[in-house]
Structures are given as C-alpha cells and as structure tokens.
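Common to both upcoming complexes is chain A, partnered first by chain B, then by chain C.
Take a look at the complex of A and B:
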C-alpha cells in the first residue's frame, strides 16, 4: 500500500509536468470544451426565456449553474479513452508498460490524477468568464460542497474504469472505433452531458439510472447545485463506489484474458 | 549455479489474416476471413549462464524479438516453457519484472515530452530504488555515458543516439540482473555505438548481469558476445562460440598473397576475389588451404601471405541465404 501511494505521488507528478510542458495546448483544449456547454446554455436559456423563465424544474440561473459546474466535472472526469487503447495496441506501444512491475492501470490513473492540477488552474478563469456572462444561481451549503468534493472524484473513478474496460476491446479487434462511437453517443445522451436527464422522457431517466454514465457526470453536478438531499448524496456516492468497484473487478478479469491476446506488434 | 534464463521447446504461432488484392477479394473477406499460421518461434531451447553476454542473431522475422518478448513477459507462448530467474515470465510477477530490463532500440520507455531526469524519478518509484542507490547509479551512469548536460532536456529534443543513452541509463537504474537488449545500437553513428558497447561491457563486468542481445550490427556482437545463438525461421541453427560459427558455416578461407612475380593463372589455387599487379586475394576451400598456401609459396617470390576466415557478416549472410 505504501508502495502504491509512493508510486501515485511520482506518477501523478509526471501528469502535472507533462501538462505544464503543454500548458498552451491544454488551455486551447479547455477553450474548445467551452464551446459545447456554451451552446447548450445559450439554447436552454432561450428555451427558458420563451417559457417564462424555466425549463422543467430548472430556472435560467439553475441551468447556468448546471452547465458551469458541468465544465468543472468535464475537466475532472477526463480519462484515458478507448481510442488511446486502439492506438497503443495497434502500434505495440504497450510494451513499455508491460515490461515494468506496475499495472498499466495505475500508470494511467496516476497520470490523469496529476494532469488535473493544470486543467483545474486553467479552468478558473474560464469559469469566471462563464459566470459573469450567464449569472448562475449557485449557493451550495457545506454538506453539498463536501459531497461534491467526494462525488467529483467518484465520477472520475467510474468514468476512468469504464473507459479503460472499453479500451480493452482493442485486444480482440484493432478496429473498435465504431463501437466506441456508439458508446460515446450513449454517454452523451444518458449522462446529463447534453441535457439534464430530468428534462428527458421518463423511460430515458429510468434507463440512465441503471447505467454508469449518469454517476460520472450529472450526479456530481446535482450535488453542488443543490438538487439532492443529504441522503441522496450519500446514496449516490455509494452507487458510484459500487460502479467503480464492480467495473474494477470486471476489468481485472477481462485484463487476464486480454493480455494473453496481446501480440506486441510493431515492437 | 542455476541458469538465469532457461528456455525449453518454446513456441509462438501468429495467426495472420490473408487475402488477395482487389475489391472482389476484399468483399469476400468480409464473409469468410482466411488466416495463415506463422510459426514465429518453433521449438526453441537454450539457456544462459550467469553473467554471460550472448548475441542472438537472425535475419528480420527470424523470431529473435518474439523470443525476447516472451522472456520479458510481453507475449504468451503457444507451447514449451521458459524460466527467467526461476519465474515463468508471462505470469508477469512483479518480483521478476523488478530484476530484469528490456531495451528496444526503436522504442521509447522514457516520457517523450519530459526531461529524462523526470522519467528516472518515476522509475525510482516503480522499481522501489532506495534514494541513495538511485542517486549513486544515476550519477555514475550519466557520467560514464557523458550525458550530464542532456538529462534536463526533454527527450523529444534529443538525437537518436542521445535518446538511446538515456534509455540505457533508465533501464539500468534498478540494477537488473538480466538485460534484454533488442537492437540497442540501431541508427547510431559508429562512435556512439562504440561508447554504448563499452558501457555495456563495463556494466556486465561490474554488476555481473546476464545480457541477451540482438543486433544487426555484427560489430556489436563481436565486441560484446563470446557466444551466439543463431535463429532462422523460428528455429535455432547454431548455439556456441563466435569463432565456432565461422568454422561450422564457412566452407572457405581467404589467402592473401603479395609477390612481384605472381603467375597469370591462379585458378588451380582458388577463386580470385581481388587482384592487383603485385597482390591477390583467393577464396580457397578450407580443406585445401595448407596445400594452396604451400603451392603459392613455391610458385612465386612471396613477400607476404595471410590466411583469414571470411568476415563474420559474410558467414552470417551465407547461413541465412543458404538455409
């Protein structure tokens, strides 16, 4: 355990250093991310204004809060994508990871934890700009702030393990991009990324609650913008824990089979 | 003493999809894919002695890298067994991976965007290297390879040779007992190759590490290895001393003669390879070398005569072409 903690300190440091090296491009990525929520915010604000100031149970200020917190959650749940796995396996770039005495999962997880430091620093001016423009209604209490601090990491863990697991498909076929596109579209619709799930049809809401996407995206947002009771927050964090650990077990099992298929091509 | 590496009947078969060219064949392959089995490693057995440097030779696609990948846990075999420091490498036990290192000449293990020193620190954490050992080894290796000024530059800004030096430093920080080197000098200039070879010899002498080395540069093998294993089409053709390789596979020697009165026709002594007015180089069957040399001494006023084995590159080339 001490070993892993030491490793995570060193591994996350690499993530910080790497993003520091490319702070300019990181900032440009972040600005690129802004386009998506800004479009959503503009559309939903127009819809709300046309409907007397609300959409469903969201006021314009709450919608603004939703999408501004969205940007923070989006930055925090960045993870190693299945596309990255495809690139690694097709190019035999897993060799360097496999020849070292640490599981590649820890290498990637630690790296992404570290890389959040720079992303978060660069996110602050972006969030300020959005707040000045869209005037969010956001006044979380201490429980919500504390719950959010846990839930945002829970969301990251769920998304990271899920995408990692999907990435392992590349061990069976090196042309899995089409499958990933479908899953990413599912995530877009069922995570609360495109629109708060509450504004979707009832059956979509039911479906979303049984899938992991919502717990990595909308749940942390709802915690901070004050739409959940303390009991719901605790239950939600428990569900995140279940998803992360359940998917983690599946990942460990699939990994054992996947690694036997690694052809180490190109090395 | 137990062999640090023992390979017993190791096999690896790759299933490769095949189809003929053209749209029709392409459409056909959508419904019925055809595969061909390629025996990359076919019943390979050998063992390495502690502290030994062994050259692993073979043409492209002979099975060298596949064997090394199995011995470092990157690939699962389809048959046979192997033990590295007593462990089955493909089980990828951390206890084994902490004691070996793999350096592939065409690959980067160090973070591309960062200075090598940052990756070295990551390796310290991965391999649990004690701070004092880490500092001592890093300083020593960096000095020996004369890369003090380079460790703080991002890897992407280094030349190929400089990068390879950094890779070697990074791979040795945890003092591996077995070092697998796959084309470590590929693309390097001659002086850089020499420096790396000397460094590896020093490391082998000081740490007593066992080294298995593949290289297309015979100079690497001649400088580092006394023993070579030759593999071709997945099978071992030869395992023994470098000098024995020439004796086994070379049927001829060369005789060089310097004389002012060389006969015009030398075909009865051997095949003429080079000729100037006062010098000739002949290719002579091994069994007839003594007789040919004696006859040449009789036939002309010889001022110099040399008998040599052909260059090792030619021997290896002959082995691969004739097999």
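Take a look at the complex of A and C:
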C-alpha cells in the first residue's frame, strides 16, 4: 500500500513536469476546449434573453455560473481517451507497461491526477476572464465548497474508469470508433455537458438518472452553484463512489480477458 | 518523368489526390464506419437545435429551418477540411518533428503546393454528403426551391470558406517550424471551428469580432448559409472573396518565411 502511494506520488509528478515543460501546448489545448462551454453559454443566454431572462429554472446569471463551473469540472474530469488504446495496441507500446509489475491503470491514473495541477493554474485566468464577461450568480456556502472539492474527484474517478473500460474494446477490434462516438454523444446529451438536464424532456431526465454520465458533469456543477441540499450532496457523492467502484470491478474482470487476447504488435 | 513533361500544379495536385484516394479505397469498410460517425454527429447536432428551439422560436434572428442551413454548411466545410486539409497538416507537423520534411522541400515543385496535397482522407467526404443534404433540406423547407443564382453564389462562398480555413491551418501549422510540439494545435483549431456551428450573430460583440476578422468563421460558415437562404447578396460575396485573398496572401508569406528559417530537425 505504501508502495502504491509512493508510486502515485512519482507518477503524478511526471504528469506535472510533462505539462509544465509543454505549458504553451497545454494552454492551447485549454483555450481550444473552452470554446465549447462559451458557445453553449452564449446560445442559452440568447435563448434566455429572448424569453425575458430565464430558461427553465435558470436565470442568465445562473446559466453563466453553470458553464463557468463546467469549465473547472471539465478540466478535472479529463481522462485517457479510449482512442488512445488503438494507438497503444497497434504500435506495440503496451508491451512496456505490461512488463512492469504494476497495473497500467495505476500508471495512467496517477499521471492524470498529476496533470491536473498545471491545468488548474492555467484555468484560473480563463475563469476570471469568463466571470468578468458573463457575470455569474455564484455564492456557495462552506458545505457546498467542501462537497464540490470531493465531488470533482468523484466525477473524475467515474469518468476515468468509464473511458478506460471503453478503451479496452480495442483489444477485440480496432474499429471501435463508431462505438466511441455513440458513447461520446450519449455523454454530451445525458451528462449536463451540452445543457443542464432539467432543460431536457422528462423521459431524458429519467434516462440520465440511470446512467453514470451526469455524475461526472452535472452533479459536481450543481453542488457548487447551490442547487442541491446537503443531504443530496452526500447522497450524490455516495452514488459517485458506487459507480466508480462498480465500474472498477467490471474493469478488473474485463482486463483479465483483454490481456489474454493481446498479442504484441511491433516491438 | 522527364523535365519536359513535368506536370503543372493542378495536375500534380490531381495525381497526388488520385494516389491517396486509391490507397484509401482499399479500406472500404471504413466508408460505413465514417457514415455511421457522420450520422451520430448529425443526430447530436439536430438534438441540440431541437432543444434550443424547444425553448424559443427565434435565435439571434434565425428560425429553426434557417439555422439548419448554418449547421449543414458547418458539417460540409468541416468535411472538406478533414478530407483535404487536416491530414496534410498533420503530416507536415510530423515531418517537421521527424526531420523528414526535407524530402518535400528538395523537390522541384512548389513546396507549399506539395505539402498541401500529399494526403487525402476520402472517407471523410461522408460529412460533405451529409452537410449538403442538410443544406438542401433547409433551403427547400424555407423557400420551397433552390434558386440558380443562390446556388452559384453558394458554391463560390463555400469554396472561399474552405480556402480561408486552409489558410488558417497552414499559418498555424507553419509555427511548427519554431515550436516543434504543436499536437494540441489541432485541438485548438477544431475547438474554435465548433463555434461556427451557430451563426456568428448569436455571439456577443467581442466574440463576433474575433470570429469575423481574426478567425473568420463568419465568412467560412455563416456567409455561405446566408447566401443560399437568400439573406444576403453579391456585395457580401465580394467581401468574402476579398477576405479569402487576404488570408491566402498572408498564408503564402508566412509559409515562405517559415521555410526560409527552417533548418531541419534531424541534422
């Protein structure tokens, strides 16, 4: 256990240093994906303005708060892309990981934890700029701030394990892109990433509550913008834990089969 | 081939495209996978539009069927870029990093032409088909027919749009000569391109200004959509042509500056 902790510390340091070294590149990436929430925010603000200032239960200020917190949640729940597995398997790059006594999951997980550090630093000026432009209504209390601090890690864990699990499909086929696109579209629509789920039809809201997606996007956002009671926050974190550990068990089982299928390509 | 009958630029480009196309034709199953991916992307886009217009009838002066034209053009131009531009620029970045660009630079043909025609991903043309269908559908819904002048103007405008985006990609990629690691650049450009999904008139002034003059998605996406839906006429097409000339010239100058200062990474 102490060994694993030390491994995580070293692994995340590599993540920090890599991003620090290429900070210009990291910043480019950050600006590139900030366009996404800015677009959603401006479109929904235009809709709200056309209707006298609100859409659903969201005022323009609350919409701004939603999408600005969105950017922080997005930075936090970045995970290893399932597309990366094809690259690893085809190029034989997996061999290097497999020859190590530690599960590659730990290596990747630690790396992504570490790479949050530089991302968060780069995120601050962007968030300030967005806040000045869009004037969010945001006044979280201590419980909400504390809950958020836990929930963003819960969201990261759920999303990381989910995408990791999906990536393993590449052990069986290298043409999984259509499957990945479906899952990504599902995430976009059912996680609160595109729009708060309340603005969707009732049946979509029902569907979303049975899927893991919203626990890595909408839930942490709602915690911080003050739409949940303390009880809801605790329960939500519990559900995040359930999803992360449940998917983790599935991942461990699928991994065993996947690794048997694997025959190294390249060197 | 003897120097006497060495091909002109158009023929050279055509020959490269033909080889690239024949190469990809070997993998026919990819067509269906791309088609599925295009349909998923289209479905997601339509759901987003339906959601927005579920809450309002008018977004920045655009009705739902009119906005479909913008979305169609966005898909169409995006398809053109992913077919002809992005693969070439990826290869260019790779060549600079690996030091293999010398193979292109030492050839007797124009270097900008060569690096711009070496790769083609023809299966991405599925998006061009899907985009065209969406545009035609939108125009027929709005006005019942497609006018001949509007169609001609549309073809001109969309060609300008594709050339403008090519120029932006080339300018950005040329920075690879100075900063070798720019893989996140792709993320940045694709992220910004996403903003073109909605008409630029929806955005607040500062963003509209950026998308009109700095990264002119206004001319690349919104103008063709406005032309085909008869919202604007000849004068705006003239402006689009002028902007295209400016961007092509700047791209050419940046490219010449780039290769002049290029020393090779391998040596």
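FYI, the second predicted complex is superposed on the first by the 267 of 267 C-alpha atoms of A that agree within 3 Å, B and C clash if a C-alpha of one lies under 4 Å from a C-alpha of the other, contacts with A are read in each partner's own complex, and residues count from 1 in each chain.
In the analysis below, contacts are C-beta pairs under 8 Å (C-beta built on N, C-alpha and C of every residue); 3 or more make two chains touch, one makes a residue touch a chain.
Here the structure is a predicted model, which is why all the values come from computation and not from measurement.
Student: Looking at A:3 after the superposition, I want to know if it touches chain B, chain C, both of them or none. Which is it: first, second, both, neither?
Tutor: Once the two structures are laid over each other on A, A:3 reaches chain B alone.
Student: Does chain B (first) or chain C (second) touch A:194, or do both, or does neither?
Tutor: After superposing on A, A:194 lies in contact with chain C but is clear of chain B.
Student: May I ask you to decide whether A:11 touches chain B, chain C, both, or neither, giving the answer as first, second, both or neither?
Tutor: The first partner, chain B, only.
Student: Examine A:124 and indicate which partner it touches, taking first as chain B and second as chain C; both and neither are also allowed.
Tutor: neither
Student: Determine, under the contact definition given at the top, whether A:262 touches first (chain B), second (chain C), both, or neither.
Tutor: first
Student: Can A:98 be said to touch chain B (first), chain C (second), both, or neither?
Tutor: A:98: touches chain B, not chain C.
Student: Identify the partner contact of A:22: answer first if only chain B is touched, second if only chain C is, both if each is, neither if none is.
Tutor: In the superposition, A:22 touches chain B and chain C alike.
Student: For the overlaid complexes, name the partner, chain B or chain C, with more touching residues on chain A.
Tutor: The partner that reaches more residues of chain A in the superposed model: C.
Student: From the superposed pair, tell me which chain A residues show up as contacts to chain B and also as contacts to chain C.
Tutor: 22
Student: In the complex formed with chain B, which residues of chain A make contact?
Tutor: 3, 6-7, 9-11, 13-14, 17-18, 21-22, 93-96, 98-102, 259-260, 262-264, 267
Student: Which of the residues in chain B come into contact with chain A in the complex?
Tutor: Per the touch definition, chain B meets chain A at residues 14, 65, 69, 72-76, 92, 94, 97-98, 101-102, 104, 106-109, 111, 113-114, 118-119, 121-122, 124-128, 154.
Student: Mind pulling up the chain C residues that touch chain A in the complex?
Tutor: Listed in rising order, the residues are 29-30, 33, 36-37, 40-41, 43-44, 47-48, 51-52, 54-56, 58-60, 179, 181-185, 187-192, 194-195, 197-198, 202-204, 206-207.
Student: Going by the contact rule at the top, pick out the chain A residues touching chain C in the complex.
Tutor: Per the stated touch rule, the residues are 22, 24-26, 28-29, 31-36, 38-39, 42-44, 46-47, 50-51, 55-56, 133, 175, 177-178, 181-182, 185, 188-189, 194-195, 199-201.
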